Amino acid sequence: MNGTPNTTTSTRYTRGWAKLQEIDGAAGERVVASLADIAPDFAKWLIEFPFGDIYSRPQLDLKSREIGVVAALTALGNAAPQLKVHIHGALNVGCTRDEVVEIIMQMAVYAGFPAALNGLFAAKEVFAERGLSAQQLAD
Amino acid sequence: MNGTPNTTTSTRYTRGWAKLQEIDGAAGERVVASLADIAPDFAKWLIEFPFGDIYSRPQLDLKSREIGVVAALTALGNAAPQLKVHIHGALNVGCTRDEVVEIIMQMAVYAGFPAALNGLFAAKEVFAERGLSAQQLAD
Amino acid sequence: MNGTPNTTTSTRYTRGWAKLQEIDGAAGERVVASLADIAPDFAKWLIEFPFGDIYSRPQLDLKSREIGVVAALTALGNAAPQLKVHIHGALNVGCTRDEVVEIIMQMAVYAGFPAALNGLFAAKEVFAERGLSAQQLAD
Amino acid sequence: MNGTPNTTTSTRYTRGWAKLQEIDGAAGERVVASLADIAPDFAKWLIEFPFGDIYSRPQLDLKSREIGVVAALTALGNAAPQLKVHIHGALNVGCTRDEVVEIIMQMAVYAGFPAALNGLFAAKEVFAERGLSAQQLAD
Amino acid sequence: MNGTPNTTTSTRYTRGWAKLQEIDGAAGERVVASLADIAPDFAKWLIEFPFGDIYSRPQLDLKSREIGVVAALTALGNAAPQLKVHIHGALNVGCTRDEVVEIIMQMAVYAGFPAALNGLFAAKEVFAERGLSAQQLAD
Amino acid sequence: MNGTPNTTTSTRYTRGWAKLQEIDGAAGERVVASLADIAPDFAKWLIEFPFGDIYSRPQLDLKSREIGVVAALTALGNAAPQLKVHIHGALNVGCTRDEVVEIIMQMAVYAGFPAALNGLFAAKEVFAERGLSAQQLAD
């Protein structure tokens, strides 16, 4: 990482950091901190490319973007910490708890019941972290 | 498959078939036909469970469901025919071409550039099948 | 989930629940309980579709079904809790410990040594839970 | 590959080759031939390790081994040529067509409907290659 | 994509394009062309981020980078076109044919024999495209 | 496992064990010990095939082999214990800490940012186990 990034790099970084704040600022700060002593450039790229270049584009709303990420990470099934970050993110940008549960359940069709089950357990942890009271989803 | 399904099975099947028509009726008919001589029960389940049980629920709109599926199948990268069906489906339920391209590109972040590239090439085939004229996406 | 499921749904559910008892009743009850406050419908589907619709069919014996599941979950390598459930299931429906170990080891050929190793460690935990004394497999 | 393999290597190779003949001799010969000008050692290992060391063990019958492989390759979804070889193999060592179809369909539960669908289409090709007449599986 | 990119974007793009030329210029041009009418921004990102930001760093030589990519894409097994591009790339930056074959074969240990076999067949196609005469690898 | 292995098996085992010592002897001993009461044959194969047959070949240096393995296991994302073993191995056979970090970061391009992030966290644990002081990688 360059200690004195040029102006335009700062633009991508600044735009990405602002976008990350909208989605999950606390998680973003934790990731950047955790990378500080091993791969600070990776933290920079993470903010500049996904959040500065992609999420900041107007072609798709943030809620749809987070639905896609929750779906994909549930289906892949091998990135539990990042799935939890994006379940928080989905709720932060306007998804309801029911919508998050619904898209995870739907992944049973495309990646199998174990992937969907493990996604639901991740959601349960996130809901508990946010202090959401348990309530029946569908009666 | 039972030649004389009971009434309630017919309800799930009927509901699923109607939902599948909304998403991609032609693809649904091709899949059912292609399974007829090898696994007709699988065709029945495919209509009853994903489309009759899940897609028919009101908790999430069809457009969001298709965004999730396009994202997941792009990320998994091992089900090209089904990805194409759901790119058609996404367009059929209200996604614009730009939104489809956008969610596929975003998967570069979660599953890598090759997965996103192969997803874009699938989208290109689908757009050609639908006779969409090529035009610059973002200038 | 519907509090008063219609008769035919009950048939699939009842048949699935009975089949799940044959395979791993305790695990089934744990999963249903763990989903109660987040996605009770998913628990219903899990019993109705895999166990009510598929496992209940006469075309393949339960032992062969569980061998297939242990093989697949070992190979996928991203669903450790479900792999443990099905190692229990395989033993419950008639597989010997040696047969379970053998099918897991064979997955080294199709999914690599790490997947097989992690499958063996899951089996070791399951055997310990069941109080099976350690003994050399092959001398 | 060593032109003059030592005696014991020959033992593993001979045992593996014989076992491969039981499962799918023609496919084995095709693979060995296709590797001759690029990686002949890999062909040797393929015969010695999977077939000489593992498949030759008495702890699990060949039919169960092939059910496990068809399940795993269907679930992984990224090795279509090898899945077809092992569907042939499963039929060669005693599985019925119905059993093969059944284990592939069951993978919808563990790896999603697209993986199972693509597995069924592979089975359909194999059945056609073997000249099996189409007939309804379950009526 | 912006028709008049700002100066610094041009720097990352220019650096990335030069690096891509070292690895596989012809493939890079084909990918950019194939994306022109569907996702030109994605082509820009592909050059700027992987090749401008990562491959251009001095911390690891290009040969080691390409060995890592050939290994990873062989192991993932779901991106055949990109694997072929990087087998070309590995040869272009100094790997011998034997080294490429060796790293692909080694992936049998980490991702299974089918993944390695399909990687070898990709290498065989690449070698043929480059007009390399077949010769025994190891005698 | 045969209590009295024939001479040539011993040769492969001896050669593999020596090679494993070069890469990560302590990890090798832990794995063999952990398999002793469940699958001792698997430990034998692990030493004979990957380490005795493959890693011992002169066609590729050990450092390049370990770079390939760290890349592949980072990309697969479902074998964290084995990834840590091979990060140790890469450092043991001559990779610098920077080179290990670099190849893991590069996997963001081929398998996504979550896979690379989880790889970096594994590396961080390994560096801590080895008592490497934290220092900025690139300023």
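Details
The first chain written gets the first letter, and so on, giving A, B, C, D, E and F; residue counts start at 1 in each chain.
Keep in mind that, in the parts below, a contact is a pair of C-beta atoms (placed from the backbone, for glycine too) under 8 Å apart; a residue touches a chain by one contact, two chains touch by 3 or more.
Computed from a predicted structure; not experimentally measured.
Touching chain C and chain D at once are the following chains: A, B, E, F.
Comparing chain pairs E-F and B-C, the larger number of C-beta contacts belongs to E-F.
With centres set at the average Cα position, the gap from chain A to chain B is 24 Å. With centres taken as mean Cα positions, chain F sits 29 Å from chain D. Our note on geometry: chain B versus chain E, Cα centroid distance of 31 Å, whole angstroms. Looking at chain F, one finds that residues 45, 49-50, 73, 75-79, 82, 101, 105, 107-115, 137-138 touch two or more other chains. Put simply, chain A touches chain C in their complex at residues 76-78, 101, 104-105, 108, 112-118, 120-121, 123-124, 127, 134-139. For chain C in complex with chain D, the residues that touch the partner chain are 49-50, 54-55, 57, 59-60, 64-65, 67-76, 79, 82, 98-99, 101-103, 105-111, 137-138. Residue ranges on chain A touching chain E, taken from their complex, read 6-9, 45, 49, 53. Those residues of chain E whose C-beta lies close enough to touch chain B in the complex are 1-3, 31, 34-35, 37-42, 45-46, 50, 73, 76-79, 81-82. Residue ranges on chain D touching chain A, taken from their complex, read 75, 107-115.
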